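Across the two complexes that follow, chain A remains constant while its partner is chain B and subsequently chain C.
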Partner chain A sequence: MHGSSTALRVLATLVFAFLLAPLLVVVLVSFSPTPAFRIPTTEFSLDWYRKFFGMAQFRDGLFLVSLPVALASGSLATLLGTLAAVYLVRSGLASRAAMESFFMLPLLIPSILLGAALYLVAARMGVAGQAWTLVLGHTLLGVPYVIRVVGAGLVAIDPRLEEAAVNLGCTSRQAFLRVVLPLLKPAMFSGAIFAFIVSFSDVNLALFVAGPGTTTLPIHVFSQIFWEGDPTIAAASALQILVVGVLILTMQRLLKLRLSL
Partner chain B sequence: MRPTSISSRVEGGAPAPRPPRGAAGDAPSARVWLSGPYVVLLLVALVVPLAHLGAISIFTHHPRLMFVAEPTLENYARLLQPYYLEVLVRTLRIGLVTTLCCMVLGVPLAYWLARCGPTALGIGLFLLVMPMMVSTVVRAFGWMIILGRNGVINQISVGLGFERWLFVMNTETAVVIALVQICLPLLVLPTLASIERIPRSLEEAAANLGASPVQLFRRVILPLAAPGIASGAVLAFLVAIGVVVTPALMGGRGSRMIGNEIYDQLITALNWPFASAMAIALIAIVLGAVIASRAAAAAAERFRREAARRRASAGGA
Partner chain C sequence: MSAIDQMRQAVRASLEVRGLTKAYSSEVSVGPISFDVREGEFFSLLGPSGCGKTTTLRCIAGFERPTGGEILLGGARLDTVPAHRRDLGLVFQSHALFPHLTVAENVGFGLSVRKVEAAERRRRVADALALVGLADLGSRWPQQISGGQQQRVALARSLVLRPPLLLLDEPLSSLDLKLRQQMREELRRLQKQLGQTTVFVTHDQTEALAMSDRLAVLSGGRIEQIGTPEQIYRRPTTRFVAGFIGQANILDATIAVRGDDGVAGLRVAGPDGVVLRVRLGEGSGAVPPPGSAAAAVIRPEDVVLGDDGPDAENTFRAQVRDIEYLGEDTQVTLEAPGLPPLLASFKTTRTASARLAARGSGTLRVRIDAADIHLIPG
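And then the complex of A and B:
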């Protein structure tokens, strides 16, 4: 097995390099001293970050649209997803598998279709481009992640703990709230982070649903790339990578959670 | 280990421990407020909008009113025009090639991750999940910097005294490269989960019986990991055929996918009925892919059981 395990390690390294390459060049170019999209070799500068925070469109896209929408839809998705996960794991339904597929539907339907369908409804109601349609759509995209993570957390909790609490005089509701829920917190937090990032990084749905006042950061970066902007878009992209990286690292290191979906 | 117990572990994960009787979540009233909010969201933001979109797809386009409620099949007929057929075929081709590349790169990676030890696995999962969660716009931008006419690769080649040699930007190849990077983690994660459930003793037994690494991979790992690979491949395919940004930035005029056409018809050309018809066609493709993969996984499972039974009866004789 040893000869082949070396080959396997080389392959794994190359695949990881392939996965990380586009992120790495974006971060490097964001420190470029010139307006060309070149990787700086001798001189580094923070000019493009200064320009990013100086430009209202970028700043507002991040602080007034992307972050609030991601916070709102992440919280909403965590609430709905946790309730739905408890429902799936606890109510011994015969139709559980069917319910579970129904609940996972937003993962199965391409999000451009969800975006297009939401846009058509919103446009007919005359509310296209408003922030809450974006929040609604992003919540929908986030809930399946929360259900997966919280459902797995719930299954992993020893049912004897709850039994013991009931035997010691708790009602079943008290046992759930005081014993199970605290143990479930890391999983809920991790589900919330996933739902936040799904909203923060989404383009497919926002492309259809976002309007002039609700241009998220990725959408703004997209239109800037289209019209060939300067490395400010690299700085904007690098900041997004930073946010996602820190959040995933938090989830993995701080909460000691296994990153699996 | 009986085959049935392996298959139940592979398909359903660890069996859920039964919560105590009468635990929270058991009562019918609890069921309503537990599942109710999400079911309402699914109805309001998914089922109704998709039904609405389906209805519009058979209505007649009207330049000012967007559409009038006169049923027609014209929108679907337009999908059969050579240009749109070409777009559909191209979308499927890009999706299939992307999925195949993901399988070739992803299955060995998943195997390595499953067997590399806890520290390397932790780092590996971070390096897998982190890029997966970064916006596809950012990643397409990164590929443009790498693959462009004046991109990193051509800069290096010019710097070394050669000509520019890489001209993949604005071709289908560029789109596939970017899509493989997007879809790879989606395939690796479920594959990894199913490989981890294969007991190591099984591999050791196969090795002790003289199986070469390739045989081991083909005869033990692949069949047992098939359900995970199948579900990961479907996810990768679904994501690959439903993109707008990646082909818009990297594909140029000649590599437009159905997502680009849906976007243009909906937002720019304002032909809602035709955009809806294309969306319904995309849903049909998605459904077809899901059904095909379920059938393939079931067939693989049947084949495996059959082989196991034959082997068992041969061993008993």
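And then the complex of A and C:
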């Protein structure tokens, strides 16, 4: 018993190391002073960050495309996903299990296929490469995450609370707005963060749908690897890791908050 | 004006439930149930799990649509009013406090829904919190107060609206024993002070007997008996009530002789069954004709042990089969010829214990007063 749990712990540590090592390498490289991707290094420099912010394509890719698109598609996915979750849970249409597995499907379909399909539609309509096409595509990617998180949050709210509100004079709509929605906020925030991250780190879909003016940061990094490849892309990736990491920590805090209620 | 006087302006109302039924499926249904609750009365629905107490309460509150029957509040139809306009107080077992609101905000919730102006709201919330003894906890979160305090907040949240009728669904059963007893007294005192018409649901007979003006005993979706706690305990009308409330010896028998003034001879079933003398009191109905089946209900505390008086009615010699010390009470199982095993109980006093010990291995004299034998249909 004890032996197997030790073995399990070792295995878990290895898996974590395996998952985290690439991230660690990227971060270390981004701070190295030489253009060669060489670690270990004892020196420290911010050269590549300086270069990153000096290059318009990177800067704009981050501030004018990736972040706004992620914000827009994250918000849109949260709105649509929440509405869908409320409808699904409240109508009793879908059992919890059925809902979970159905909305796993988009997560299992390779997003590169979704990208190709979206491209075909957008090209036929003549709207390929436009920013909102990208927003729409990313919304599509984000909605299942939101539905899952918000659906679970909704199921966890004691139905007696809504009854108590109705007993105290609320119509069912008022009860929803005054009691359910505030309690759902942490789940909605978590869903929004999921959707934001999905959009912010997507390559597959953007590869098809992004146009000249809407090249996201991951796409820039992707093409840089082919064309020049110096540690600027490591700096770009490290910045992405920072954004995503902060968001994940925020989400964890939110989820913990909700559990403690 | 004190908080109590303020809150006493509550509209009092009587409740009438007429032939209420609720069918969940062809197998499971509750009712028909009929009962009246008078103005200012504390009325309990008592019964085992699944007998339909919560269903009845939810029909009154408007969360369950009755299949049949009607409900009247102060003489006006209630069952056609939507739940959010019934203005009834309701307290759940789980408290159901809003976790995203402070204690004061919870209590003020109904007032804010009714758009009561802020100053007035604050005053009434403070009054309601003072009423339940939580004046200082308004700014706490529900997670930061104890279970008993949460229960009081839930009560204040309902009472602040001065409801004509307060519905309580096992509000004390999530509390531990000590706190439950304390809350029981507090709730009852508050209810009396406010003259609050109250329907209280519980499966705990001690609770129901201790708190109620009157109670209804339910079983299998039907009402078995309605009465004051004393009537329910001393004069059960059905076998179920006799067995469910407290402990009882229920002896199958037939009426052997019928005398005047509710006096009768009762032959206990079984070979060589003895004849017990019965004297029915006021309000116990008439003795059925000789030959009809009846059952005798005898409370264990009415079986008197080791009585040295002259041989009076219903006196036997019995063997002690089993002794169980329950602390305050001692319970003894007796065996006497012509009678089924009989349960007797007495206060565990020094003299009583000594008397029981003094019997040695011999028999004990046992007496049952004819007026302590109660008849129910056989």
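Operating definition for what follows: the second predicted complex is superposed on the first by the 239 of 261 C-alpha atoms of A that agree within 3 Å, B and C clash if a C-alpha of one lies under 4 Å from a C-alpha of the other, contacts with A are read in each partner's own complex, and residues count from 1 in each chain.
To be clear about the criterion, a contact is a pair of C-beta atoms (placed from the backbone, for glycine too) under 8 Å apart; a residue touches a chain by one contact, two chains touch by 3 or more.
Everything quoted here is computed from the prediction, not taken from an experiment.
Judged by the touch definition given at the top, the superposed model places A:Pro110 against chain B, while chain C stays out of reach.
Contacts of A:Cys170 after superposition: chain C is touched, whereas chain B is not reached.
When both complexes are overlaid on chain A, the residue A:Asp158 reaches chain B and chain C alike.
In the superposition on chain A, contact of A:Gly61 is made with neither chain B nor chain C.
For chain A, the partner touching the most residues, choosing from chain B and chain C, is B.
Residue contacts after overlaying the shared chain place A:Gly191 against neither chain B nor chain C.
Once the two complexes are laid over each other on the shared chain, residue contacts for A:Pro182 go to chain C alone; chain B is not touched.
On chain A, the surface patch touched by chain B in one complex and by chain C in the other comprises residues 158, 163, 166, 172, 260-261. Chain contact summary for the complex, chain C toward chain A: residues 61-63, 83-90, 92, 94, 96, 98-100, 109-110, 113-114, 143, 157-158, 161.
If you check the complex, the residues on chain A that touch chain C are 158, 160-161, 163-172, 174, 178-179, 182-183, 260-261.
Interface residues of chain A facing chain B in the complex, by the touch rule stated above, are 1, 3-4, 8-9, 11-12, 15-16, 18-26, 29, 36-39, 79-81, 83-84, 86-87, 89-92, 99, 102-103, 105-114, 116-121, 124, 136-137, 139-140, 143, 152, 155, 158-159, 162-163, 166, 172-173, 175-177, 180, 194, 197-198, 200-204, 207-208, 218-219, 221-222, 225-226, 233-234, 237, 240-241, 244-245, 248-249, 252, 258-261. Residue ranges of chain B in contact with chain A, taken from their complex: 13-14, 16-20, 22-26, 30-31, 33-35, 37-38, 41-42, 44-46, 48-50, 52-53, 56, 105-106, 108-109, 111-113, 116, 122, 124-131, 133-146, 148, 150-152, 155, 178, 180-181, 184-185, 189, 192-193, 207, 213-214, 235, 238-239, 241-245, 248-249, 259, 262-263, 266-267, 272, 275-276, 279, 282-283, 286, 290.
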